[in-house]
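The structures considered in this document are given below.
In the two complexes that follow, chain A is the common piece, with chain B as its partner first and chain C second.
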Partner chain A sequence: MSRVPVGIWLLAPAVLFLALFFVFPLMKLVAISLPDGSFQFYEQIFTTPVFLRVIGETFRVSGIVMLITVLVAYPYAYAMAQAGKGVLLVLTVALLIPFWVSLLLRSFSWIVLLQNSGLVNSLLLSLGLIDKPLRLIRTPSGVVIGMVHILLPYAVLPLYTVMKKIDLRLMEASAICGASWLRGFARVYFPLSLPGVLAACILTFTLSLGFYITPALLGSPRGMMIAQMIAGQFSEQLNFGLGAALAVVLMVLTAIAFGLFGGIREWVRRRQIRKEAA
Partner chain B sequence: MPNEVLLRLEAVSKRFPGGVVGLDAMDLEVAPGEFLSLLGPSGCGKTTSLRVTAGFETPTSGRIFLDGRDITALRPFDRPVNTVFQDYALFPHMNVAENVGFGLSLRKVPAAAQRKQVATALDMVGLGEKISARVAELSGGQRQRVALARAIVCKPRILLLDEPLSALDAHLREHMQMELKRLQSSLGMTFVMVTHDQTEALSISNRIVVMNKGRIEQVASPALLYDRPATKFVAGFIGTMNLLEARLVGRDGATLRYMSGDLPLELSADQNEVSADGRAHTIGVRPEDLVATPSAGLATVPAKIESVVFHGRTLRMHAQLISGAPVIIDASRQAAETAFDIGDIVHVRQRPGANSVVLKA
Partner chain C sequence: MSTVANRPDTGGSWLGAYVVAYLVFLYLPVALIPLFSFNDSIQAAFPLQGFTLGWYGTLTGNSALSGALLSSLMVGLAAAAGATLCGITIAYMEIYGRSPLAWAISAISRLPFLIPGVIVGISLLILVNLSGLGPSRLAIVLGHVLVALPTTVLVMRGRFASIPRSMAEAALDLGASDWLTFRRVMLPLSLPAIGSAFMLAFLTSFDEFIVAFFLAGTEPTLPLYIWSQLRFPKSLPTVMALGTVILTVSIVIAGLAELLRRRGLSQTTSRPLSAGSFT
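Moving on to the complex of A and B:
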């Protein structure tokens, strides 16, 4: 008889909850996307240029957002990992307070900041850096700014967790072996922080794929992302089947992206071991 | 003072934020090829002096010279100095060969020459067969050897060792002490080692610097440090020493006569400065230089045995003199007459020909 861990029944409420409110609706969604077992909605998605364009746009924006978020988060996390108690507290609070504010509120705040008469434009105008207001809102850059801001904690926290564990003596050891700070960083610190970079990439990219409110408020209709399109099918077109099929496509693509990142991580690990065995 | 000077610290002070004094105007000269130990309790400044020399800390004042060149302002990676860290600080994402070859690869040494030098360095520390092992697979002692190989491979002018053996168990530590000594003499390299373990310092150094509160108490060879400690602190730190308050009462040629209460003490006049000012001096008397006998005799004072501890070849007795001063007496186990029990009254005197010293505060 196989051994059953003691107290496994404690999982029952969670399993029941997930089965009832997650697995069942998900199966229902898949069923709706396949009326009478026909793949018509999926055919429609993959043969209509507008859907493909929106999917492509979603991945493009997510990629850009991931790149910028991780680039901004890396020095922030580095500063946190190096900081003393007081500075660390300030940096953590500064990071987490926006995190606790509703997503909707934050996206609206960006409208206030980025609109033609908003804070950013009036500041740039009064400094004489620009002659007429920049078009920041209802543009792809507006979406990217808002999404990067919202996703920053998701990138900073895994980076910080990994960096905190890097022994600072290693940088001293590399310096004493003759490495300048930059070379020590490139050959010792950065490789050791890579697991954090990958985790930050996975989180920001996969979360970006499903963003809805921020692109809806800050973006232009031309730069529509897939979540907006799904919402449109359900609430405006009332085409539940197509909406469900789009949702399934998003889910599968997200899973593929997730798997790809996992594969990269495994590849990096394997290469490390191979190099050591050589 | 050494004739030839490799490293010189000139009035080096280090004050940390918050007013903590790490180093207080430290002067030190290190000769080429010597094995020098910095010995002292934690917080005495020994590690700070090492970090200042390596360039990890900038001295608040003072200057550091290496080969006569002022290196005070040089950054760590520009100094021809290497360090073995207490926790080894090996690069976890590199294998043994990459760790050892790290400095060579930064210096753009051709790959073939790199491989050869790495292999030589690893052979030197007796770890040749582990060249492609992962750091995680190594034991503590093996990591220590990798750290050593990484430090010597670039042939630094001076190798700094920060409590290199403190993470090893006692048995391995003793073995590594001898290995360190062998490595140092076969390389002819200058080693400066920080330690808080007096036995370690005494057994492998040419000279020992005893530090306390950011200052140097005494610099001397191990034997001299043991026989002629200069201060109470050194006497208390190196081995065991009875500190007895005594007054100078007379002089017979080369012998100074002191009285500590009713206990007469004789000191050699050549080695101790005479100051017949009548003030009390602290005399350091080693436990093996005190003799306890069952019967009273000339120049003995009574004492009560408080504990007897087995110490292998000797028995260590803690006793209280009639004056109230506690003393420690080491007696040979072979001498049957010294088999005392707790509570016995014994008669204590200084062993003739004892090597006792006047200690400065």
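Moving on to the complex of A and C:
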């Protein structure tokens, strides 16, 4: 194919912008976290129980959020992949509208819904399922509910992208061979959708790690996540070096999680290609 | 031809019920905002106390609110313009330039999607403090260009990839320069996508909280104003009314952006000369 020549100068504004306002500030951040080349802030982070607890809590919440989000998103993506053109359009639009509704307002709305006198508790009480209101806000469960709500579209879309390419005749073939729907699903459909599941896991987990608004509104100080800790070091404690070190830790952990999941996904993909070839 | 979906044993009705439950979960918090904005009570709680438009009246004549709105509009428009311009050039160079540099820049430009907003905010805060610019509207614009860049690059990449290469090649064969080809052929063809990218970038900036939280000087943006009001139970109904207005405008803009993007894509796919037919 012939090359369409374009002036490389076209990139100059973007390169300049990214270098000055993205790459350089990130490098500066790393520099601030290492005053005079000393690792004192990193030592402090990895030897102080508070910081370790916050990092642990961030991973715990992100892991739970990832599992629930992907589980909840899977059947919806399946419904999208099975739907006809008209239904698909409705399902897609319905999925994407909340995406553009202010994150701040959606998180706040959950306070109204989940508080002791809120809709969820009144409903459960009137149904007789519980006898006293559940504590849902200022607890990890509130944070998880709010985060799952925000992250669902990020899980549905990669799942759907993979599912719509799955050849449904394979499921018919398994039915003809006498497999029940469940068995066909477990042995044929689910393994084929695995790359989508992993892509959804990568996105929801890595995005969860950096959440700020939702845990700040729906969580308790005890259940603080790392983004809140970083923000606190900069806006309240004014300990920029420690805040910068925490930010670097968060970036490195995000990169490790991203790489790890990416590696697993690549491994699954290769295995599938090998199976198909065999 | 029967498909798997039509068989009763696939649990089609269960799936339908699941989709409905899913949508209730998705829309419950969204629907609550307009519901309480019309509720004649200072408390956001059930049962509802009757209908009122009074809370919308409290939105006018509030100078802190109109100042925040003006800030958000200015920051949003400037950030959307910057992010769209960078998005166009990065996507164009990646799809047509095929240089390793363009590929690398494109990868870097999509990173802010995965890097938490807190980090984008504090790293820029360090920069603006060092450079003497200080927290300001301009500082927020810089941050929001970064936050919106992944979206504009992705939208523009999708568009440029769908324009048949033969279009640019024909222009070049007929003697147009690189710049003329870009300006007179590629840009007009991608106009709907540019509009779409601009609107999505604007929405991203308009809703962004944490970057603005670190970079705002004395002029807060709308999300920062809302955040400051959430502490006062008295102002909650006003926040709900404001939220309803923002929600409606956001959905209309997002819908328009999606329509534009789709129109832009279907224009070329329906063309008889499909991609690469002459190569």
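Throughout what follows, the second predicted complex is superposed on the first by the 257 of 278 C-alpha atoms of A that agree within 3 Å, B and C clash if a C-alpha of one lies under 4 Å from a C-alpha of the other, contacts with A are read in each partner's own complex, and residues count from 1 in each chain.
Here is the rule we use: a residue touches a chain if its C-beta (ideal position, glycine included) is under 8 Å from a C-beta of that chain, and two chains touch if they have at least 3 such contacts.
Everything numeric here is computed off the predicted structure, so don't read it as measured data.
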Chain B versus chain C as contact partner of A:A94, first or second or both or neither: second
Partner, of chain C and chain B, that touches more residues belonging to chain A: C
Which superposed partner A:E172 touches (first chain B, second chain C, both, neither): both
Touched partner set for A:L18, first chain B, second chain C, both or neither: second
Touched partner set for A:V112, first chain B, second chain C, both or neither: second
Touched partner set for A:L238, first chain B, second chain C, both or neither: neither
Partner chain(s) touched by A:L129 [first = chain B, second = chain C, both, neither]: neither
On chain A, positions contacted by chain B and by chain C: 172, 175, 180
Contact set on chain A toward chain C in their complex: 1-8, 10-11, 13-15, 17-18, 21-26, 28-29, 32, 72, 75-76, 78-79, 82, 91, 94-106, 108-110, 112-113, 117-119, 122, 149, 152, 168, 171-172, 175, 180-181, 206-207, 209-213, 217, 227, 230-231, 234-235, 240, 243-244, 247, 250-251, 254, 258
Of chain C, residues touching chain A in the complex: 3-5, 7, 9-11, 15-16, 18-19, 22-23, 25-30, 32-33, 36, 44-46, 82, 85-86, 89-90, 92-93, 96-99, 101-102, 105, 108-109, 111-112, 114-120, 122-127, 130, 142, 145-146, 165, 168-169, 172, 178-179, 181-182, 203, 207, 209-210, 213-214, 223, 226-227, 230, 239, 243, 246-247, 250-251, 253-254, 258, 276, 279
Residue numbers on chain A that touch chain B, as the complex places them: 167, 169-170, 172-180, 183, 187-188, 191-192, 272-273, 275-278
Chain A partner contacts - residues on chain B that touch it in the complex: 54-56, 75-77, 81-83, 85, 87, 89-93, 95, 102-103, 106-107, 132-134, 150-151, 154
